[in-house]
Each structure stands twice: as C-alpha cells, then as structure tokens.
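Down below are the structures I want you to see.
Two complexes are shown next, each including chain A; its partner changes from chain B in the first to chain C in the second.
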Partner chain A sequence: MSTRGARAAFPASWWTRAGWVLLAAYVVYAGARLDFTWERFLVGLDNGARFIDRMFPPVIVQPDSLANGLVESLQIALLASFLGIVISLPVGLLASRNLMPVWATWPARIVIALCRSFHPVIVAILFVKAVGFGAMAGILALMVASVGFIGKLFAEAIEEISLKQVEAVRATGASFMNVITYGVLPQVFTRFIGFATYQLDSNLRNSTMVGIVGAGGIGGTLFSAFQRFDYDFVAAILLSIIAMIMVGEVLAGWVRGVFLEKGKVDGD
Partner chain B sequence: MATSAAPGEAIRREWRRFTPAQRLARFTVYLVLAASIVWSARTVQIIPEFLYDAPEQMQDLLHRMWPIDFAHYRGGVHDALVDTLHIASLGTVLAVIMAIPVGVLAARNVVPFGPVNYLAKLILVSSRSVNSLVWALLFVAVFGPGALAGTLAIAFRSIGFVGKLFGEALEEANRGTIEALEATGAPWLSVMTKGYWPQVQPAFWSIVLFRWDINVRESAVLGLVGAGGIGMALDTALNLFQWTRVAMVLFSIFTVVVVAEIVVTQIRKRII
Partner chain C sequence: MAATTALVLRGLSMEYVRGKPVLRGIDLEVGTEGLTAIIGPSGTGKSTLIRCINRLVDPTAGEILFHGQDLARLRGEALRHARRRIGMVFQEYNLVERLSVMENVLSGRLGYVSPWKAWMRKYPQEDIDRAFELLEIVGLAAFPNQRADSLSGGQRQRVGIARAVMQRPQLLLADEPTSSLDPKTSVEIMELMRDIGRRQSIPVMVNMHDVELARRFADRIVGMSGGAIVFDGPPGDLADDHLKGIYGGEGWLQ
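Presenting the complex of A and B:
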C-alpha cells in the first residue's frame, strides 16, 4: 500500500476494543451483582478513617500471648516444612514420568493434586476437627500444602533432567538407590533448594493464619484481638507478623545465595 | 603446576567442589536448620491425648460427611459459588489496575530514580506480607461483612504479586527497541505503549492468569471471616455441624479449583 501515503502506523484492532468493552461490561455487571455501591464505599471510607485512627499508635496489650503466638507460628512453619519436604521427596519421585512406570505416576499425581486443591485454612479446619485445637492441626495442614507444592515442582524438575547422566550411572551397574543419589539428585538439587526455601517462606506466612480457625500460632491471638475490637493490639500484631516474614524472606534469600553457585546456571 | 612431587610419586591432591568458605556456610545452614527443627519438635505444644484418637476422629468425620448432600447445591451453594468467582475476577481486575502504575514505578529502567523505586517496592512488599485473610479481616472491619470486603482483600493482596512480577518483566525488556523509539522523539506514553507494552505483554497475561487461578482458591476461604462467597456457606454448615453440607461445599470448591486450573492451562497454551 505504498502508493497511499497516509497509512496508520498502528491500526486500531477492533478485537482489542471489543475485549475492553466486554471487560468493562463484566465489571459493571459483577459489581452490581455483588451489590457494590458508591454509598457503601463512602460510608466505608469514613469507617476506615476511624479504624486507622484507632489502630495507631500500636499497643502491645498482651506481650506474652504475642510472643508465644509468634514462636508457635515459627515452630509450625519449621515442622510443617520439614515433614512436608520429607514426604514430598518420594511422592515427587514417584510422580516423575521419565523415571517411573505409569502405575506409579498416576496415584502419586492424584495425591499431589488433592493436596494442592484446598487452601491450607480449609485443610486446617478439617484437622482441627480431627486432632483438636492447637499447633498439631496447623502443622498437619501446612504439611499437606507443602506436599502438594513441592511434590509437583520436584516431579517437574526431575522430568527436565538430562537422562545421559542417569544412564551413565546405571551403566556402572549401580543399584536403583545409587542411580537416584548420584544420577538424579545432583541435577535437581539447586532447584530443590529454591522450592524448599520458597515453601518455608510460604509456610511461615500461612502459619500466622491457620490460628484463625484454631490451628495454633499467632492467628488465634490476632483473631481474638479483632473480635475484642482491640485495634491497637491488632496493629501491633500485624507489624510483628510483617517483621517476622521480612526477616524470614531475608534469611531465605541468604540460604539460596549459599547454595546457588554464582556463574553456574543449571539447564537454561 | 609447580608441585614438588618427584615424577612417578603419586601426587596426593584432594579435589573438592567447594571452597572452605562455601563448605562452612553450607554446614552452618544444615546445622542451624537441624537445630531449629529439633527445638521446634521438642517445645511445640501438642496434646498427645488428642493424637491417639485422631484416626478414629478422622474416620468419624468422613463417615458423617457421607453421603454428600447434593440437594443443598441449589439452595445454598450455587449463588455463593458464583459470588466467589466474581470476587476472584473483580479482585484480579482491580489489582491489575492498581498494580500496573506501582510496577512501572518499581522498574529501575523505566523510572531511573532510586527513592521512587524503593517506595514502590515498599508498597509491593507490604501488600504481599499481609495474608489475604488478614486483608479480609481489615476490610470487614471497615466496610462491613460482604463481598465488597472480599473483593478488596483479594485486590490488595494481589497488588504485590502482580506489581512485583510486572516490574521485573519491565526490567527485562530489551533496551534497543526503547532507544529506537526515543530517538524518534516519541513522547513518554508512546514509548510505554509501543516500546515496553509489546515486550511485556506475554508475561503480563501469564501473570494475570496465574494470579486469577490463585485468587479463585483464596476467595473460597475469605467467607470464613465474613468477606462473602462460598466460605460463608462453609462457615454456616460447619457451625451447624451439617457435615453432609460441608462435604457438598468442599466438593464444589474442589471442582471449581480444578476447572479454573484447567482453563488457565489451556488459555496459556493457546496464547503464550
């Protein structure tokens, strides 16, 4: 079309425009269905101002229950990650399609899918009914979540390894366990450290929450402070949770730095 | 290698993969981890009596949940389930609208001004550090119980996630295209829409889809603290000990989560 000089450099796409219109229509429809009105929003903003006013300055009303809650959350996160990782290693290995026969991968994949599909808090409710209130329910709930997450990623990592090294180890007449230890694990170790630190981090976040349904940790303290309208204590708890999570994130980053060799990129 | 070993004599040299400093660091990590796990296991408060009958209790629970009360779906679950999907989707839309500017401000190559980057990153980190249930508690206290609190909780929790990944995608954008556009004297908005946007578009859609998937899962529990959706139905059934209805709610959550994941995987395969 060089003969016609005035061609638009970036022609408008009618499909894109139709997409925007549809999106806007959806937002209006869904907002109406969920009963969002300006009035409610404005009333809420008014409430919000008062709420923030009551939150500050934060006051630690019960230092003991704050400290105990934080320590218990930390314990839940550590134990749940440890148990979850220990269980997810064989499950992930069983689920890897390049090393295992079909009859082993399917059950393992179903276990992983079941563990992944429920939010930890819902799992925590069920465990609270089963083992009673307290940290045990939280540990079991987060353990289930960890098995789902690490199991899936571990299986995917194993499926991406180079089979040449596995074959080389096998050619020496190594036993199955030796093939796994020397042929498979070294190839997935760095990625595994990545998932493990990520999961520890995520368990730490969730361990502060499972207390809302009675499964131990700081969440219980937080929820009861909310119900007593002790908003200044709520603010103090929230700030300490955020501080703990940030420290955890820094530590996780440091651990990753220790294990991931600089200048050596695996795979990609 | 200037070794003093005479020819023929076996040179005793040990090959090690890591430097002593690396080994020490790794050993420290292992030691601290092992110590903290042992410490947790010994000090965490667990009531053993509760553990002994746990299998029985679990069996009892499953027994009470069966048969699933499918008839309850029409009356109490369907509307709540649709609400949950709307909360997740609207929350994602709202989060994306708020996260894009913050993500742009956080990208060092787009806004080459340190303090602004740090401020944006602080916003993103605080959004991510507060769990969506806590956001929901806060918004329920502000806006009262209902879907509005849930949607805002989902949105505020997602800002950090979407903004962080979007900012990182922007930082990875190819400089050449941007320079070419700037050389033509293109205004800032054009550089953004014609230079950066096409480069980050695949990452952007992938982030949005991923977050929507997570939000579907998360919005299912928000009702436990009164923020609307299927969680409210779950909470009611739990409080009334109507276990067959609890089973129905759990079954419907499971189905929706699985379908959402399949939808996301399919869309991702087609587009990206």
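Presenting the complex of A and C:
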C-alpha cells in the first residue's frame, strides 16, 4: 500500500460541478435576455437620485387622506388577523393527520393549499371584483392568507405533539372536545400565539399594499400620490408606514407577552 | 356475576399484525380488591393486556367483563363512560407537561365536565376539595400550582396516581409505573399504589419488570410468557422454577 498516495477524503462529484457550470451559464443567459445590464443600472442611478431629491423634504399634502388610509390599514390588518385566526383554528385541527381521519384531513388540507396558492395581492384583486372597491376586499384577502399560513403551521404543530399526553387524557374517559382542550391545546398554545402574532405583523405590512389594487388602506393613497408625481407626499406616506409597522411590531410583542404570561402557570 | 369479581377476561386475544398474536386467549379473573402484579419478559404482551382492559388498544377477540359489562364491544360514549370507571397510571407518567399539578389532577374528572366548563376550569367544588385531599395523600400538597414539567419523576408519578384516583375508579391499572424511577422512589410509588387501592377498596393491576418489587407488594402474581399466562398465584408460591418458565434460562437467578 502506498503511504504517500493522495487519497481523497472527499471524492470529486462531476455532477455537482456540472450543475454549478449550468447554473452560471443560465444566469448569464437570463440576464442577457431580460436586458439586465450595467449601463441601464447606471442610468437608473441618475433617475433614482432625481426621484429622491424630489422626495425631500417630505410634505403631508393631504393629512386627512393619510390619516384615514393609515387607520383603515390598521383596521384591515386587525380584522383580517382576528377572523383568520378564528377560522384557522378548526381548519388546522381538522388538517392534523395524527388526530383526524383521512376524510377530514383531505378537505382541510385542500382549503389550506388553496388559501396559500396566491399572493394576497392577487386574492385582493379577485375580491375587489367580487365585493367591490374598499376595505372589505382587503379584509377578505388577508383573512384568506391568514387561514392558509396559520392553518398550515397549526396543523404541523399538532402533528408534532406528544400522543402520550393525549392518551392519558383519553384514558380518563374525556370527551373528544375535552381531549383537545386538555391533551392537545396546552401542547401547542405557545406556538400558536407565535404564529398568530407573526401573522398580525405580516397582515399589517400587507394591509398597506392591498390598497394599490383598490382593496382599501394606505396603499390607495400611496398609489395616487405616485401617479400625481407628488413625491414629497410619497415620502411622507412611506415614513408613516414605517412608523406604523414599528408600532405594530411593538403591539405584536405586547400581545405575545400577555398571552404567554397567561399561558404560564404563575409560581407562588 | 359474583360480587367478589370486578373483572373477568375471557379468551382475550390481540394481534397487531395478522397471524402474530401478542395475547393468546387470556383468561383471568380479578377480585374487587388486592394488588395483582403482572410480571413477564419485555414484549410478552403485559402492556397490551393492560391497555386492552380500558381499550386504549382494541382486542382482536375475547370478552372483557367489567362488573358484568363487556367492554370489548363498547364504542363511542358508552366506551368513554366505561373508561371513567377505570383509572390508569403510565410508565412515563403522561402528564400534560404544560399544565399545573392541579390541572393535571382535575383532568381525572374530564369524563364528567362539559367542554366549556373544562375550558374555563370550572370544576365542582367537591372535585376541587377532593383534588387537594389527594395531593395531600400523595405528598404534593405544597405544589398545586407548579407546572408538571418542573417536577421530578417520582413527583410526576404521584400526580399521575392522583389523576387516576380522581376519577373515583372501580379499578386502577398501572403500566410499568416504576420502570422510569430509581429503586427507592419505586418502592414509595408501589407503597402508594397499594395503600390507595386499600383505602379506596378497589383492585389494582400493575405491570412490572421487577420481580422482587412484585413479591413485596402484590397480593397475587400473574406470570406471562409468550402472550399467555403461565403462573397465577400468591407471591409465596412463586418459585425459581416458575421464574425460569416465565423468563427462560436460569443463569440470571444466581
């Protein structure tokens, strides 16, 4: 046996190398096809600078429209989160394969998959067509997104619980609902609060956007300001949105604190 | 049915996989009191036997006559009502980890309270008084509001016993209740099981590995091997020959 022979610890994989080469080639090809070039970027920088220049100083041109838009966005987010959470609880439970028979998990999984297939903006467009312009469409659109997100994660959380605890509760002769309340929910409660507050946060962001397609909220105000070239107003709106998101983050953190504190058993 | 018999098993069989029976036609009568220890090697169906009785596992054939009622045929609500009368203690305690000791003990009453009241933790005062009383008996009076996952193994098993007794059962089952505990705690838990059985005058059926512990605490020992009962008698009658028959070999007896 050779003692100096180069024994490779990690044998070369020609498939992996070929994969990288192909990926690099495709990136170059796709960039060329889409006219993704350095020159255009440089020209764009110029335009961007002019745009930013016109944004400052920010001016609140229409205070009413800004305030109403923000309040409406907030309400859309809160209502959509609340309704979405209420609906996703039973849907998620029905979709959990360790507790439910197949005839229940399939329909629930299909509902969740449908809710998750489209971006909220696309769903919002559909709802604007269905129920007309305004906040109602936005609420429905974000509710659908919430059911998809929380329902899926909730079902997964339930599928990971310890069935021993469930078995013990069943052994006491507890009814199905009591098994859920005592054997299942305590095991997933903290995670559920996590999903719900995350979704609230995400709904707040999305509620500023559905307005662009006419589904209510600050997005509509933003879009019309863009179209009027009121860039100083655009800047003011963007800053207000940032402020609102930050407030929302604090709010979500507070909700989490309250519920998780309550979920804990207080020591003496 | 004679008043001295709580439970009669007739031809109880169970196969998880077709053609591979775990229990082969068990016939067993259990009186209205006393501690019956079921011993036998791992995988011999002790646990399946215990779980068949309260139908956490469904037997393939046979009868489970509990105070004259055949539990093997029950479904739905009738089965849940039958389960309320049978308390169960588990090897790994199976407490709801995130709930408090008190919530776990009171969960023994879940067969009797409506979902709304259970959710709101509105138990009848009489149940609450009894829960405190039981915590006193199992020696956990100081911890009603502690979370179950903050307790030691022995303490958890005490909560498990209190939860089972909270049901006011007519039969107490225990599936390897001491296998996850140290020797001293095991003895304490067995003492507690025996005393509670006597105090409530209910029969107790315990699966166990530890032959010495079984000899010490049981009024009756049932030895199982290969899914069948091969010994049944008072602890005094259990000789080395029987143990060879139950566990096989003899080197370990030295």
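General observations
Basically, the second predicted complex is superposed on the first by the 231 of 268 C-alpha atoms of A that agree within 3 Å, B and C clash if a C-alpha of one lies under 4 Å from a C-alpha of the other, contacts with A are read in each partner's own complex, and residues count from 1 in each chain.
Everything that follows uses one rule, which is that contacts are C-beta pairs under 8 Å (C-beta built on N, C-alpha and C of every residue); 3 or more make two chains touch, one makes a residue touch a chain.
Because the structure is a prediction, the values reported are computed rather than measured.
Of the two partner chains, chain B is the only one touched by A:L74; chain C is not.
For chain A, the partner with contacts to more residues, out of chain B and chain C, is B.
In the superposition on chain A, A:T208 makes contact with chain B only, while chain C stays out of contact range. In the superposition on chain A, contact of A:G183 is made with chain C only, not with chain B. Contacts of A:F56 after superposition: neither chain B nor chain C is touched. Shared-chain residue A:T172: touches chain C; no touch with chain B. Residue overlap on chain A between the chain B contacts of one complex and the chain C contacts of the other is empty. Residues 54, 56, 80-88, 90, 92, 94-100, 103, 107-111, 113, 115, 118-119, 145-147, 160, 163, 167 of chain C touch chain A in their complex. Put simply, chain B touches chain A in their complex at residues 22, 25-26, 29, 36-37, 39-41, 43-47, 50-51, 54, 57-58, 61, 82-83, 86-87, 89-90, 93, 125-126, 129-131, 133-134, 137-138, 141-144, 146-148, 151, 194, 217-218, 220-221, 224-225, 228, 234, 238, 250, 253-254, 257-258.
Against chain C, in their complex, chain A makes its touches with residues 162, 164-165, 167-175, 177-179, 181-183, 186-187, 189-190, 263-268. Those residues of chain A lying in contact with chain B across their complex are 10, 23, 26-27, 30-31, 33-36, 40-41, 43-44, 47-48, 51, 72, 74-76, 78-79, 82, 113, 117-119, 121-122, 125-126, 129-132, 134-136, 139, 205-206, 208-209, 212-213, 216, 222-223, 226, 231, 238, 241-242, 245-246, 255, 258-259.
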